[in-house]
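The two complexes that follow have chain A in common; it is paired with chain B in the first and with chain C in the second.
After this line comes the complex of A and B, so read on.
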């Protein structure tokens, strides 16, 4: 019976011009989204490779320079990379990179605002780049036209366009009485109608996006397979929610125009307003310290450190003069002494500024925490969140990266601190042995633990709207009065 | 075959049907007469389970339509006053769909064309989209849909109101044929002439009450009209 209804609905859809306009546009949007996501992924891959190459090149050149100096070639005082303080503080740097994940082409997500590489040297990390504010993934997704944008924003619109009048059109067109005088329940008609539309719209979204992502070179072995599976499930669940909502709205037996208005209103609230309101709530509940306060705190710390600086700390400026007067050894010793004095002072300055930065981090974490708890208010936020996680471009994934960079920065300091304080100069071999950053992707289990609650909640929404819709259909009035 | 037992329908305080008792046996053509709002359509809608009775029962083949909506709909066919079809489909496609829903997916194209022809649809029309059909042509497709369903009971709500006299006459003949096959027919109509011509019984309804019920063979055209008008004026 349902097969017959499906065949019939399919024939009606084929005879309707809407499908011929909507479907190619929809396919084009999906394809363009995949193309853009893939282009972005390639851009990130290139950037990451270039950043790593810059750091490699720099350390390599500094090691070569040290070798030349060791061989006795003449050099300028400011070029000597062997002074540990100078090497670790200004000359050497590492580019800590986060390579795009195996399925990153599906959602640009937070990769739009968070750098995929961070420069690490001696300076405190909070002076470098992590003072960005929390942004809502849904809002950010609008910034770039990727697959998740098409799916979060446009996909529900197409579902609404093809299903808002699935029962009301029968009622208004007068076919409802003949339809309902047959030995078939309204529920069966709705199942047939939703299944055909779902197969077309959800089927296309799943097929095109999976094909596209696979064509873009997703590494399936590398945790890509379960991610794509979960991605497919998220598309089905999110689409299912909108179909379920359409069933519920149609079950009230209102006019087509009313249905369209109610569904569009819901879209507006869930997709556009809820994320913005959520963002606003998080920002006003846990306001971040102002950027000016941060800058001033850092400046006050350094000023205090500078005032306490012994004269030797200024000696670096007179290195050339020292070299000309006392020879190389004197100069090296003087410079080392200078760093020995400067670096602990700097660290004290940082410690003075640290509470302010800590508060910034804590507030930002609270904002993230609040958003994470409140994301359950809208299936659109849930879907965007799940898609970001699966693409490895979520806020959480960038926080994990940021923690790794922080740990690496501490390692960088630990590694060089003793050398600075002990005084011996670095050799070319030491320079080559500079600890490097190795990005460790999050374990699949960790990502899955963030995906599962969102996906489960999304499925919960689907069940709820369908249950309410079919419950309401039991009282569906066949004859108007 | 069709039986109303103390059937009542109350629409938010307006009593549309005040305890109707009625039985239509196989082979009978029962014509319900009455002014607009007298309860004729309400009666038909109750048999179709399109509305729920406030009290009483509408039985189709002994089954309560409210309790067994799917089973009772298998036993009956319905032709509304204005048959509306899927305008983007042809008459054959419309008929095939509704027949399929009724459980007759075995019909060949030739079968479907024969039903349409029997209903009086012109030969050039079946493969054209019904969007361009006149009301009368749509009505004939509606008749074909009802006939193709091969049911025990037929509910008709002013089915001839859009038909020309010739088509209306052909329609009456079709009803008589169906009744000979044992179909119980309940037809709401304003057409006293048609009721007398093809009906075996007529009932006159007024304000939700069946005020007259008589066999057509016992009364002439003029008497039926006089009786009807008398009831309307009371």
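After this line comes the complex of A and C, so read on.
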């Protein structure tokens, strides 16, 4: 019986004019979303490669310079890369890069506000020059037209447009009584309708976007496969939720226009209002200390450290003079002395400012933790969250990257600290042996642990709306309007 | 007659529980968002003012040191915001808030608040502007879509016209009814919100308050026009559509295109039409450009030697100690002047590209009044790109003066000194630091904002005018029966 209903529905759908406009537009939007996500992924790939190349190039040039100095070429005090303090503090740098994940074309997520590479040298990461990607703030604020935008915002709207009147229109048209006079229950009738529509809309979303992302060169080997699988499941669940909601609303046997308004209202609340309200709640429950305070804390710390133990600024100057006279050995010793003063001073300054930074991080963790608990109120937030995690463009993914960079920064300091304090100059070989950053993608298990609760909750939402919908359908008044 | 119809609509709408609930929710959201934003604004401003004072005192009390090392120590500038930003936060979460002003470098403002926020930020802010730009138009659509088509479907339209009501009176009566209803909801809550946030915020810095009342008036006018557009468009569609269902579908489609699809699509297309360099390309271009300068700190650098030789030849002297100005000051000055050109070229080009992107998006406002009202509103609230750019430009002008003062001091007071002595032995004190004035920034006056935003204003006016004309013309030819 259900197959007959489905065949009938299929024929009806084929005659629906709305569908002839909506489906191609929908397909086009999905394809455009994939294209955009892929273009961004390619940009990030080239960008991080270029950033790494700058660091390689710089270290290579510094090593060559050291070789030339060792061979006896004349040089200025500021040009000598062999002084460990100067090398580690200003001349050398590493570009710590976060290459895009295997399925990053799914969602641009947070990857446009966070830099894809960070400049690391001795200086505290907080004071490091910013490597934010160049982007018009208007475009950042509006957000990208990527696949996740099409799926989170537009896909539910299309589902609503095609299902808000699945029962009410037949009821209003008077054909429902006729239909229900056949040996078929309202439930079966709805199953047939939802299945046909679901196959078209959800099926298109899943196949088009999976094919698109795969065609764009997602690497299936590196955890790409399970990500794509989980992502397909998320699309099905999120679409299923909106179909289920439509069944539930139709089960109340209201007018088509009432159904449309209720569904639109729910969309508005779940997709636009709930995230904005939660954001406001999180921001006002755990307000972050202002960045201005951090900037000032860092500066105060440094000033205080300087007042307590002023550096022998003369040392650096004397070195410069000696260098200009060619007293090379003396110069090296003198500049090293200067850095022996300056580096610990800076570290004392940082230590003084550290509690403020710690408070900032803790407060941010609390804010993000609160959102992690509150995200379960809206399937739209859950879906966006799951997509961001699967694309490796979530806030958590950037936090993990930032931790890795922090650890690498500490390693940079450890590597050079003894040399700065002990004072031997670096040779070209030492320069070439500068420790480099290696991005380690998060373990699949770690990412999965962030994805599974959200995905499970989405599925829970689907079960809940369908259960409620079919439950309500049992009391569906079969009589005509 | 218009008033009779309007009164009937007002009564009918206000008796509808659904309307009352939506209005109640909107009022609560509006007041909450304004209240939260106001308290946050007050705290931020207090913090910013304290930090500005602290930075100033740090600069003045940095003690005796080399002027160039003072220029390296530098000054922080904190981006201010006008109290209207608490109504429309605009791009504030996506523009940097702190700029380091120091020797050699035109730094970009750092710390976009969005970087510290959760991913929910990307769904958008709950603000007064968001409510007026997205939610109220939806409410208008829901109120208006069935106003004519509904009467036609119920058969009451013919009755109404039979008692002598003119078609246009009927239509305008309904428009006035909706306007009055919305006015009754919005005007008091906006006023209460404004007074409330005014009380929370307290007295503002006069620099942020330039043309404030006039800006508020233009802002109110802009939103009035925007909302009126939705009333006339909704009524026009309600007259023209075959059924209420069709009217609702068309209007919801318009709402989605207007506030959701077109803004993103326009941003995307503008980015492809006027691409900007990557941050890496930009910083490399600047580095390459800067590298052509005289390298004042590196006496053995070929550029440094060339600069020195040229200077000696110009003044016809043998040694830099015989120059009429301190050589180190001259070299730093030449390096900065060279740097200014490099920054002007690259940062200027970037800003031109942003401006072209924005102009393109404003032009797409012809299809989406949302884009137009968004541009106008954020410009008046001081939360648009122009405000951020002007702040950056003010910071850069301040930085240029700061390095000029410190370099001038070196030029004047290290005549006859070696480079080494000028860099390491020469010290300046408070009197030099005092020559650099405190940093301040004036919010752009209304005239500038209007001149930059004539396009969105024209778009809103054209939509309103077109909408009224369309409504007049369709109401005359209105179909009476289904």
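What we mean here is this: the second predicted complex is superposed on the first by the 451 of 481 C-alpha atoms of A that agree within 3 Å, B and C clash if a C-alpha of one lies under 4 Å from a C-alpha of the other, contacts with A are read in each partner's own complex, and residues count from 1 in each chain.
The working rule: a contact is a pair of C-beta atoms (placed from the backbone, for glycine too) under 8 Å apart; a residue touches a chain by one contact, two chains touch by 3 or more.
In this text the structure is predicted, and so the values were computed from the model without any measurement.
Asks: Based on the superposed arrangement, let me know which partner A:61 touches: chain B (first), chain C (second), both, or neither?
Replies: Neither chain B nor chain C is touched by A:61.
Asks: Touch check for A:403: first (chain B), second (chain C), both, or neither?
Replies: After superposing on A, A:403 lies clear of both chain B and chain C.
Asks: Which partner does A:358 contact after superposing on A: first (chain B), second (chain C), both, neither?
Replies: Neither partner.
Asks: Using the superposition described at the top, determine whether chain B or chain C touches more residues of chain A.
Replies: Per-residue touch count on chain A favours C.
Asks: Quick check for you: in the superposed arrangement, does A:373 touch first (chain B), second (chain C), both or neither?
Replies: The answer is neither, since A:373 touches no partner chain.
Asks: Where does A:145 make contact in the superposed view: on chain B (first), on chain C (second), on both, or on neither?
Replies: So A:145 only meets chain C here.
Asks: Contacts for A:474 in the overlay, against chain B (first) and chain C (second): which applies, first, second, both or neither?
Replies: In the superposition, A:474 contacts neither chain B nor chain C.
Asks: Using the touch definition up top, name the residues of chain A that touch chain C in the complex.
Replies: Interface residues on chain A, with respect to chain C: 18, 36, 43, 47, 50-51, 54, 74-76, 78-79, 109-110, 113-115, 117, 129-145, 149, 153-154, 157, 161, 165, 256-257, 260-261, 264, 268, 271-273, 275-280, 282-284, 287-288, 290-293, 295-296, 299, 303, 313-314, 316-318, 320-321, 324, 364, 367-368, 371, 375, 380-381, 384-385, 388, 394-395.
Asks: Can you check the complex and tell me which residues of chain A touch chain B?
Replies: 1, 4-5, 8, 11-12, 15-16, 173-175, 177-185, 477-479, 481
Asks: Quick check: in the complex, which residue numbers of chain C touch chain A?
Replies: So the residues of chain C in touch with chain A come to 18, 29, 32-33, 36, 40, 43-44, 47-48, 51, 54-55, 58, 76, 78, 90-91, 93-98, 107-108, 110-126, 130, 134-135, 138, 142, 146, 244-245, 248-249, 252, 256, 260-261, 263-265, 267-268, 270-271, 276-280, 282-284, 297-301, 304, 350, 353-354, 357-358, 361, 384-385, 388, 419-420, 423-425.
Asks: Per the contact definition, I'd like the list of chain B residues that touch chain A in the complex.
Replies: Against chain A, the touching part of chain B is residues 11, 45, 48-51, 69-71, 73-74, 76-78, 80, 82-89, 93, 97-98, 100-103, 105, 142, 145, 155.
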